[in-house]
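Below, each structure is written out as structure tokens.
Shared chain: chain A. Partners: chain B in the first complex, chain C in the second.
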Partner chain A sequence: MNADKIHALEAQAHEISWFEATARQRLRWFVDAGSFEEFLGPAAREMSPHLPDFNLPEAFDDGMIVGRAKLDSKPVLIAAQEGQFMGGAFGEVHGAKLTGLLRGARDAKGPHVVILFDTGGVRLQEANVGELAIAEIMRAVLEARAAGVKVVGLIGGRAGCFGGGSLVAACCSALAISEQGRIGISGPEVIETNRGVEEFDSKDRALVWRTMGGKHRRLLGGVELFVGASIQDFRDAARSLLAQAPSLNLDVLKAEQARLEDRLERFGSCADGLDVWKALGAKDPAVIPGMAADAFIHLADTIRRPRYDAR
Partner chain B sequence: MTLDDLLDGLFLQRPNITREGGVLTGQATLKGGGAVEIVGVYDATPLGVDEAIRLSRHVLDALMRGSDDPIFVFVDSGSQRMSKRDELLGVNEFLGHLAKCLIWADMQGRRTLAVLYGSSLAGAIIVTALATGTLLAVPGAKPEVMDLPSMSKVTKLPLAVLEEKAKSTAVFAPGVDNMVKTGSVLEVCKDVPALAEKIAILLGTSRDPNDNRGLLGRERGGRPKAADIARRIYDLAHSAS
Partner chain C sequence: METLSYRHKAARRAAGSKPLAIVGVVTSGNLEVLVERLLPDLECQVEIATSAHGFGDLWQAVVADFVERHSPGGLKFSINDGGARPDTVALRLAQAAHLIEEDSL
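Then we have the complex of A and B:
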């Protein structure tokens, strides 16, 4: 690839919305231009063996793209979920690709791993194997981290990061999220279906953002970085997280226990995101949902500095 | 099989086991000898932030005491607690942290062993039963990812279709037999003596540091592709570095 083309790709990364892009588009502009090399790509035709039983179409990559690339000329392993195929959900093949990638990084003690989350969680048509895939991935993330590999997660896709995906995210070394990113185990519709609209009104979009959205997760301490909407913003965030993320040891787990105990004590009786933000010291919590990214990042860094030693 | 059946059958005496609000914590001594740390969820209690933080605290305290005592996890839970408050507080981090503590214990060479004796669903089963080095089940175990009517709603597939599929494929239908076929559950023990015997055998052999659930699922035919896909990607990732 010539220098002009590389320059053009890099310029585009500033323009293109992470939320709107497909997984392959994100990858194209996220890594150093032309550096991505896929493992078992679509040509290998490794598809779900189970979706045909339900008369559902398969995808040649099962919605999970894994491979190696370069970020700032340094090697990384990458996994990207396609949220527009089966909601980015973890099926047997989809999950096994990430498991294998993480185990490879573990045993080779590198390179670091970046996961581009975009998932509703376990793929229900493959529920038992999808659930087990999540369990294996969580273990593989922790084993890779213990071997000195950093595993960084990026969240800002259409499907958010829900269900088992949110548990995998919780195991990562560090996370970045955009305004449109959402993290939760139970999605809004699932809570409403099980507990009623009085518990959670899934149609109240503002409520969804205040409870699970990127700004709330950043202020709560559930992610380290809040980023703008472009692919370049995520690229910058990944670079920063890879520089700062901790390895895993007992002290980190003790610090996480203390961090979460402190959260329960401080915010356990809050009824709404607004109450949490007020308790944190935001003078006018009601304006936070409408704030532009730069202003919000400044506020967040003022009232809640990110920690890198307790995840 | 009830929790009392299990505790009475496996342990000599248990003055140090407390049950509070669906959360079980403590220590006990196996009838065959040997102290164990105990955590668990009972009465099909949903696992939310308040429950998970107590369980992870107990596991961490056990780790900090520095003994080699195995950690047993008894599971009869609901799903993750589905509530606005739990999601607002980041329940994924609390449940994830519990799983991390259990997996970390196993990675350090501590034996971690779960006994599934009741229900368990969704996020809760992932961070308890599926976060240990070994998962055994006993009669009465009723694991589910999601019940079929809810699954029908989410997938938009008719309930009748799902019920029919449930008979022919291990891959998605609820039930412990399917979790055996996919490799999640090592074995179903028919009664407490059989469980005690299996535990004695497991504790008497050295721990396998590898996560072999993929191979088990392939052997048993419930998970045809995962082990091979993971292995092929592993080789590519490993040689890439």
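Then we have the complex of A and C:
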């Protein structure tokens, strides 16, 4: 590939929205131009054995793209979920592809792994194998980290990062999220359905975002970096996290336990994201949802510096 | 699910040397097209798995129109369809043909 073409691709990465892009589009502009090499690609037709039972259409890659690539000329393993196919949900094949990638990283003690999350959680049509897949992936993430591999998660897709996907994200070495990114065990509609509208009004978008959205997750300390909306912003974040994320050891686990205890103590009585932001020292919490990315990043770095000693 | 298959003669071999390309996503009103360079130079095949039953005539017309316009000789197209409209199908087929003819990237 010629230099002009590489330059053109790099320029496009600044303009293309992570949120709007498909998983394959994200990959194309996220890694060094032309460096992605897919494992078990669409031509292998490794598709869900379960969806035909439900008379549902399959996807050639089962919504999970895995492979190796280069980021700044350094090798990385990479996995991307397609949030538009079945809500990016984990089925048997979808999950097994990520498990395999992580076990490969564990066995070879590298390279580092980047996961582009975009998922509503376990695929309901494959409930049992999907749940098993989540358990296997969590184990594989931790085993890879114990072997010295960093596992970095990026969240900013249409489907967010919910259910089992949020459990996997919580096992990662470090996370980055955009304004549109959301993380939660249960999605807004699930909470409302089970606990009633007084517990959580899923139609109240502002409430949803200040409970599960990127800005709140950053301020609460659940993710290390808040990023802008372009593919380049995520690329820069991944590069930074791969450099700074801790390896998994007893000190990091103890620091994580202390971090969570401190969080519970400081914010356990807060009823709303706004209360948390106020307790953190934000002078005017009400303006935070409307802040542009750069201004928010500055504020977040002032009232809560990202830390890399706990995970 | 309904499966359909169409085979056509093409006027020319598709340009380029990429072995495969994929475009689109399987979701409501959308489809994915996997195109592979697997066939003799002047043949073209389109295989479809669709969740919308009973639209064989429309598929046949869209595929015949696509082959006539783009002459995708040597290419096999495999489609997973989530109930896309004919204009979306025509667009994705054209994108797939364009992608596999593009320089390697």
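The definition used in the following text is that the second predicted complex is superposed on the first by the 311 of 311 C-alpha atoms of A that agree within 3 Å, B and C clash if a C-alpha of one lies under 4 Å from a C-alpha of the other, contacts with A are read in each partner's own complex, and residues count from 1 in each chain.
In the analysis below, contacts are C-beta pairs under 8 Å (C-beta built on N, C-alpha and C of every residue); 3 or more make two chains touch, one makes a residue touch a chain.
What you see is a predicted model, and the numbers here were worked out from it, not measured in a lab.
Student: Between chain B and chain C, pick out the one touching the greater number of residues of chain A.
Tutor: Touched residues of chain A are more numerous for B.
Student: Report for A:V190: first if it touches chain B alone, second if chain C alone, otherwise both or neither.
Tutor: first
Student: Quick one: classify A:H50 as touching chain B (first), chain C (second), both or neither.
Tutor: Touch partner of A:H50: chain B, not chain C.
Student: Which of the two partners, first being chain B and second being chain C, lies in contact with A:G104: first, second, both, or neither?
Tutor: first
Student: Could you tell me if A:G290 is touching chain B, chain C, both of them or neither one (first, second, both, neither)?
Tutor: In the superposed model, A:G290 contacts neither chain B nor chain C.
Student: Once chain A of both complexes is superposed, is A:A59 in touch with chain B (first), chain C (second), both, or neither?
Tutor: second
Student: Just to be sure I read the superposition right, which of the two partners does A:N128 touch: chain B = first, chain C = second, or both, or neither?
Tutor: After superposing on A, A:N128 lies in contact with chain B but is clear of chain C.
Student: Please give the residue numbers of chain A that touch chain C in the complex, ascending.
Tutor: 1, 5, 9, 22, 24, 28, 33-34, 41-43, 52, 55-61, 82, 84-85
Student: Under the touch definition given earlier, write down the residues of chain A that touch chain B in their complex.
Tutor: Spelled out, the residues of chain A in touch with chain B are 37, 39-40, 46, 49-50, 53-54, 66, 68, 75, 77, 92-93, 95-97, 99-101, 103-105, 107-111, 122, 124-136, 138-140, 142-143, 146, 163-164, 166-167, 169-171, 183-186, 190-191, 193-195, 199-200, 211-212, 216-217, 220-222, 248, 250, 253-254, 256-257, 260-261, 263-264, 267-268, 270-273, 276.
Student: Where on chain B does chain A make contact in their complex?
Tutor: The contact residues of chain B facing chain A are 49-50, 53, 56-57, 60, 63-64, 79-80, 82-97, 99-101, 103-104, 107, 122-123, 125-127, 130-131, 145-146, 150-151, 153-155, 157, 161, 165, 168-173, 178-179, 182-184, 211, 213-214, 217, 222-227, 229-238, 240-241.
Student: For the complex, which residues does chain C have touching chain A?
Tutor: 1, 19-20, 22, 25-27, 30, 32, 34, 36, 49-51, 78, 80-82, 103-105
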